[in-house]
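Chain nomenclature is as follows: A, B and C, assigned in order of appearance, with residue numbering initiated at 1 for each chain independently.
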Amino acid sequence: MSEPTIRSPIASGSNPWHRFFRGVLDRLTIGMSMGGVIMMFGILLLIFAVLLNGAWMAIGHIGWKFFTTSTWNPVPGMDKYGVLAFAYGTAVTTLIALLLAVPLSIGCAVFITRIAPQWLAGPVSFLVELLAAIPSVVYGLWGAFVMSPWLQTHFEMWMWKALRNIKWIPVGHYPGHRTEYFPANLVHGGPSGSDFLAGGLILTIMILPIITAITRDVLQQFPEELEQGAYGLGATWWQTTRLALTYCRVGIFGAAVLGMARAIGETMAVVMVIGNTDRISSSLFAGGQTMAGVFVNEFLEADHPIYLSAMMYVALTLLVSALLTNLAARVLLNRIAPA
Amino acid sequence: MILADTSTDISQKAHGAGTHGLSGTVPVTTSATAARQAVEVQNLEVFYGQHRAVHNVNLKINHREVTAFIGPSGCGKSTILRCFNRMNDLVKHCRVQGTVKIHGADIYARGTDVMELRKRTGMVFQKPNPFPKSIHENVAYPLRIHGVRGKAVIAEKVERSLRLAGLWDEVKDRLHASALSLSGGQQQRLCIARAIAVDPDVLLMDEPCSALDPIATKTIESLINELSKTITIVVVTHNMHQAVRVAHQTAFFYMGNLVETGPTDKIFHNPVQHQTLAYVTGQFG
Amino acid sequence: MFKAFHKFLMVAAPAALLAIGTVGTSRAVEISGAGSTFVAPIMYKWIKIFQKSHPNIKVDYEAIGSGGGINGLIGKTINFCGSDAYMSNAQIQQAGGAVLHMPEVAGPEVMSYNLPMVHKQLVMNGKLIADIYLGEVTRWNDPAIKKLNPGVKLPDLPILVAHRSDGSGTTFIFTGYLCKVSPTWKKQVGQSTSVNWPVGRGGKGNPGVAALIEKTRGGLGYLEYAYAITGHFPVARLINKDGYAIQPSMPSVIAAQKAVVENLPADLRLHIINPSGKKAYPISGFTYLIIDRDLGYMSKAKAKATLEFIHWILTKGQKYAKTMQYIRLGPAMQKKVLAQLAKATWKGQHLSY
């Protein structure tokens, strides 16, 4: 017998074709991932470019006044466009939604992960995810035909009766009215059911599932050792839960940001309940409009050039403010991240 | 079944051998010096669902001594340890029968304040588990949850605990750095500092060195010796040499039974039971 | 290897399917239209019935909104456009300068209200509606309303004014009516698919407005007739130009068509707003089919099919209007529209259909 041939351990056992394909696959996967990233940037840039191009005429004609005025008059010849009222509507409804949805979602997630017995946690979890799958137009119709009348006759009526005569802090006045006071101003005008509050509430319901689902997932990541550690020191259930929430704060914050993004961008459901007027009011019972809302309402029938361009300007404003809020959230996130 | 029967027998004998003739007539008191026995276990049985994990264990643990629980994996030593601060309450389908008295008080009696019990029986776990907070906040945490207020008071107690745990000199300049920046051994000593911050009577240690390197292990072991002057310590260990090094008393468990208990020296050099002999000489485990 | 095959499937299979599809329908002429959502329900019915008798023509209609339809016509991406608003002069210029507007059905607009305690049908006039929408009349027991409804016990309730929030032909017609009956409205607000409403809240689409009206006692809003009739919403009788209180209905809208037909502009761009006549209802609009006057941008077969389809709608298709709650063209009107259709050419030549 001749002396045994020694094959390189690297080469052994792999036929050249396999090696070739493996290399191709690697490169293909890397290429595709990079392609995806480039495409995403490309699409974002493209959207930005298209909106900027479309809005160019309005930017030239309206300029900065777009951000400082709140009249929206698209009648040909009258043409006055200001985004302020819509920006205000977006901000107020999103704020209401976050203020209500974040604590509620955390409660829900804590219930699912830390309170409910196994047989209940599963179905509740499923239900929450089901809520996320309901199309927004369904929420809108439900909001308009069920929630809004109920709000008007019950909740808002109750709130109105409770707050209308409480006058703590003077906050200026509505045109043509006496001085308004906080918190009585919040219910100025009386219950209507189609207002900022309704818009905020429908958004609350819509962003609840996503914040709950993510918070639940991050809470499940809370390490068993830390849980045991806290209990071992004599912590109560609530103290341990607080520790878990602190531990998961970055994830929960991220969930809230996602919820916020959805709230800012939501169209149909809000449009069905917010009352659709271009006015700014400190009353929660006043009708309003959001940036996304005016877009879905009027874009299709924007029938003359400056009107269409102003719509594009609204879209551009929406895009930029969404980017800015996300950026701000990112900065904040880095600050609360554990050392 | 046979084993279970004999084990009852054995444990009765071991019981006699391991204690110093004092019966369980310790007055119900929380005063540390009044009792010879810090922990007294009577007819302890633990079930996980239908499975019986601990069989009729009777055991006394001496005050201000180190007692080691040894035995192969799954012998129930950790389960018994976790009965002492009722951590088993957190385990679903876990049921405990019998009596566990700490300084004469039955901790499974109705109306027992479990949070208070756990404050008085600190626990250190297998894997160092500092909270993702600063070093200072880790030690301050048990103080805060047990209602200690005042910055100065807390700072003083934190320093004292860290000194007791032999960590102070290493961390005094970076008390507000994250606890996760410490090495594994330091983290474990931090966990000990955290557990002793609220002055427990008993310190339960569940394989405290199993995740540490030999040098860190040595530090912890000397710390155990040091602490045992003021605190009763029960340490579960896989490492028989560790038991020899740190423990005054040793209890050997096998398949949920307490096989034998007594002074460490006797268990390792002159055990009564052949199972103990086989284990300590490395024939199984 | 497997991946490659998979890739092949992904690319090749749809292509193959596409090929089969093309073969299967290659004989049929496909024409497409887009625009008005208002006309969509009857349009789909027309298409369904039309294709039974014309298997060689395949019609596709997309309800993307009147504005979208007009843009499609300007961009020559569709064969015909459905629109509730007629095209402005500027739009006609953009589309090449010559288009044909053909009213296909009429739709009245009704004033619907929510006053469950009032059992008698209310009567309103144009000035009152304008004043309410201007915010000058704010309560139901206002003397202006009482004067028009003697003997009706009107509640002391605020009027919750509802309007469309989305840009729509309905709003275009409604605000056109208000401009006609109120100089103040014309000066302050004007006519458009969306306007800067002085008061009230907006609802999206007919359902949105209906929800606003239904929800609150004292609600008032304008709805499309078909929607209001189907939903059994209470509607007001409106006092027309000659002082008659008119119920919105098929006869009153056909009467309104009759009233305007003699004075129609040559291009038929007109809504039936405030016509005179004993029986004419004051607010209705036409919804239009709009095509290029010369269909040279499409194939001859498509041009022929388009004209054939439109002709069918204007003649045989009219009888389906009633069941769908639209108002058919009156005979005089129909004649005018067919004359309009006859002007259509393909590369300068008249086609038979």
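Convention: a residue touches a chain if its C-beta (ideal position, glycine included) is under 8 Å from a C-beta of that chain, and two chains touch if they have at least 3 such contacts.
The structure displayed is predicted, hence computed values, not measured ones.
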Chain contact topology (line, ring, star, complete or other): line
Farthest chain (mean CA position) relative to chain C: B
Centroid spacing, where centroids are CA-atom means, of chain B and chain C in whole angstrom: 83
Between chain C and chain A, distance of the C-alpha-averaged centres to the nearest whole Å: 36
Centre-to-centre distance between chain B and chain A (centres being mean Cα positions), rounded to whole Å: 50
Footprint of chain B on chain A - complex, ascending: 223, 225-226, 228-236, 239, 243, 247, 338-339
Contact footprint of chain A on chain C as seen in their complex: 3, 64-68, 70, 85, 88, 90-91, 160, 165-169, 189-197, 200-204, 207-208, 211-212, 214-216
Of chain A, residues touching chain C in the complex: 25, 71-78, 80, 140-141, 144-145, 148-149, 152, 192-194, 268, 271-272, 275-278, 287, 289, 293, 296-304
Touching residues (chain side chain B, partner chain A) in the complex: 85, 87, 90, 114-119, 122-123, 125, 127, 129-132, 134, 141-142, 145-146, 177-178, 180-181, 191, 194-195, 198
